[in-house]
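Here the chain labels run A, B and C in written order, and each chain numbers its own residues starting at 1.
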Amino acid sequence: MLGAYVENVRKNTPLVHNITNYVTVNDVANVLLACGGSPIMSDEPEDVEDITSICGGLNINIGTLNQNSIKAMFLAGKKAQELGHVLLLDPVGAGASALRTNTAINLMKELSFDVIRGNISEIKTLALGSGTTKGVDADVADAVTEENLDEAVAFVKTFAKEAGCIVAVTGAIDLISDGEACYVVRNGRPEMGKITGTGCQLSALMTAFLVANKEDKLPAAAAAVCAMGLAGEIGFRHMKPEDGNSTYRNRIIDAIYHMDQETLDQGANYEVR
Amino acid sequence: MLGAYVENVRKNTPLVHNITNYVTVNDVANVLLACGGSPIMSDEPEDVEDITSICGGLNINIGTLNQNSIKAMFLAGKKAQELGHVLLLDPVGAGASALRTNTAINLMKELSFDVIRGNISEIKTLALGSGTTKGVDADVADAVTEENLDEAVAFVKTFAKEAGCIVAVTGAIDLISDGEACYVVRNGRPEMGKITGTGCQLSALMTAFLVANKEDKLPAAAAAVCAMGLAGEIGFRHMKPEDGNSTYRNRIIDAIYHMDQETLDQGANYEVR
Amino acid sequence: MLGAYVENVRKNTPLVHNITNYVTVNDVANVLLACGGSPIMSDEPEDVEDITSICGGLNINIGTLNQNSIKAMFLAGKKAQELGHVLLLDPVGAGASALRTNTAINLMKELSFDVIRGNISEIKTLALGSGTTKGVDADVADAVTEENLDEAVAFVKTFAKEAGCIVAVTGAIDLISDGEACYVVRNGRPEMGKITGTGCQLSALMTAFLVANKEDKLPAAAAAVCAMGLAGEIGFRHMKPEDGNSTYRNRIIDAIYHMDQETLDQGANYEVR
């Protein structure tokens, strides 16, 4: 039962430092407040070590990276790691540009992340780019479906083992693995793909969940995925015919605001493989 | 009938690269998703050429320009042009500062835009600043009204001819011309002026419409203007007494989310001069 | 009666230049439009002097400061001061990092602010950091309550006198003082703390209120605080059971959109000490 992990977030008010893109940053801040956490944003190299020091987790999202923020990612990451904080990487657009791919790979080399969370294309890029010579099946399809699920689970497990951290591949079906077990999550709605930033929000949420549940990182990461997907389901139920993606965005964050142990226990739709 | 252009956007899922301001960027992303397009944001010089290469159009908005993003605008613009992508300029604040005016003018000199879209003050600044010695009436009034419409249409046609691209002047009455024909659009509501970023959203929308309708750029640009204005009308009908500009913002994007051929064909309010 | 100050904002349409963080900037722009003002954002050193020159007030918020924007803050601040504009400082995160604390203190040294607005921790940091050797009670508690109100009022008055400007400490109870009188405001709701950026919005609102009421800066600042808190109360009344912090954000800005003299006169809850 994953519901207890959301209660721990509300009890612990985890402070999360976000070096993230300016597109979805407001929603990232509001979703962290909605789940019971507290957000801080800072991407200036001279500022980030101080800021990350007072937090419990660091969420690095390369969605609108620049030379300055890249420096900040490494500085903050090293400081956070030194302090034993939770470290998450959201490699937005890895594979779409050399700078993004290389930055993500270099961050993986220099830092020990607790979680890497992305879509299947981003994660495949990292799996290939990290120079693996065996095991990581780069031919895994570009969307995880019931048909290719076995293959996808094997891919995520293998990459998690190689990366030495939890890997979360999110999409229509979400896979979260530490290399041993793999949570397969079937919450969410396709309409969530029409809102910018649900992935960014999930990365922030997951960081908060891990900070508040440090002894149970894998199920806590899976709980964050279930909570976000379930919020998408709950928010959708409140949609009126004239509502579209902008209102849906609000309703999902609102549903996170009301998410509690009972709701998550009843609504989480997952299996462990 | 302009409705077919919106259907083409939904069929083609145009990928639009936005170098845009951080004020309204989230709404820009959501409106692109709402219309059936797909947004990418990147303003780091080292990143933009790769990113723009995988897109079909580039939307340059100078709303919060800085030295770094200005470099990125030129680099991305040249690459996009080389690849035959749709190029749009939104000269936010041209006339309000030397840096904005000069940046817009230099972008116009070095790049061949498909569309320049702004308010009447911004467009007048560019018309004057581009060094025209005849034809462009700098005395055109600061708002397009039914009273000065003939003069305004002539001004926009002349400037479009000189600039060698579509010019869209938006306000209470919108004018969109390629130098020959001029669409006069009377959709929209005055309350839209109380929301930040409806202009920025329109520029992004227009870029997507042109990418998906490359053979019909002028009517596609007019269709985007009608769609945005009509969304303002539809969204307004759903407003409750306690709703204000923040809710209205959501309702407009929601209305774009539901915009289809029939709705646009029935609601578009325009004439061609 | 503070209601007249909101009417003056609607009559004067104060143009406010914001150098502010990218987290809450969209809400800052929309709240300025909601109250009858007009926002401009610019944080590029080469751009800010021109931009601030056409405005009536400058709102400096260090929420996501960087080396470039810090330069811009000083340049814009000096130009705004030279032109007699309203100057407000929102020292977001002062005390959380050396860069933030030092930047805020240096801004206070080089510029004559009309208002400094922050939470009690930020204001305490500045009171200590500015090198006061007497009078400023650094032991004031970390939240203003009915129990420590006398002490907190004395602290704010003393710091306002030393800083030579209006100081506004906002929280469950808000204190606004010019060193002589102190407005004690009891509007607002605790749920406002679950939305990112209500403080940033208030700073922008306050700047607009002062620009439109230059002869009555202290009551105008108090009026802005009452208006924001009252908007929180009004917005909350329209919340449905499924609504959360994201919808609440919209409702508060919507309530500012409808705020008028009568509403503020009837709803403002304050005393002067």
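The criterion applied here is as follows: a residue touches a chain if its C-beta (ideal position, glycine included) is under 8 Å from a C-beta of that chain, and two chains touch if they have at least 3 such contacts.
As the structure is a computational prediction, the values presented were derived from the model and not from experiment.
A.B. asks: Just to be sure I understand the contacts, which chains border both chain C and chain B?
C.D. replies: Where chain B and chain C share a partner, that partner set is A.
A.B. asks: Are the two sides of the chain A and chain B contact the same residues or different ones, given that same means over half of the numbers occur on both copies?
C.D. replies: Since fewer than half of the residue numbers are used by both chains, the interface counts as different.
A.B. asks: What's the distance between the Cα centroids of chain A and chain B, rounded to whole Å?
C.D. replies: Here the centre of chain B sits 34 Å away from the centre of chain A.
A.B. asks: When you check chain A against every other chain, which residues touch at least two of them?
C.D. replies: Those would be 22, 26-27, 249-250.
A.B. asks: Per the contact definition, I'd like the list of chain B residues that touch chain C in the complex.
C.D. replies: It is residues 21-24, 26-27, 63-67, 93, 96-100, 194-197, 242-247, 249-250 of chain B that touch chain C.
A.B. asks: Residue numbers of chain A touching chain C in their complex, please.
C.D. replies: Residues 22, 25-27, 29-30, 33-34, 39-44, 46-47, 50-51, 54, 68, 234, 238, 249-258 of chain A touch chain C in their complex.
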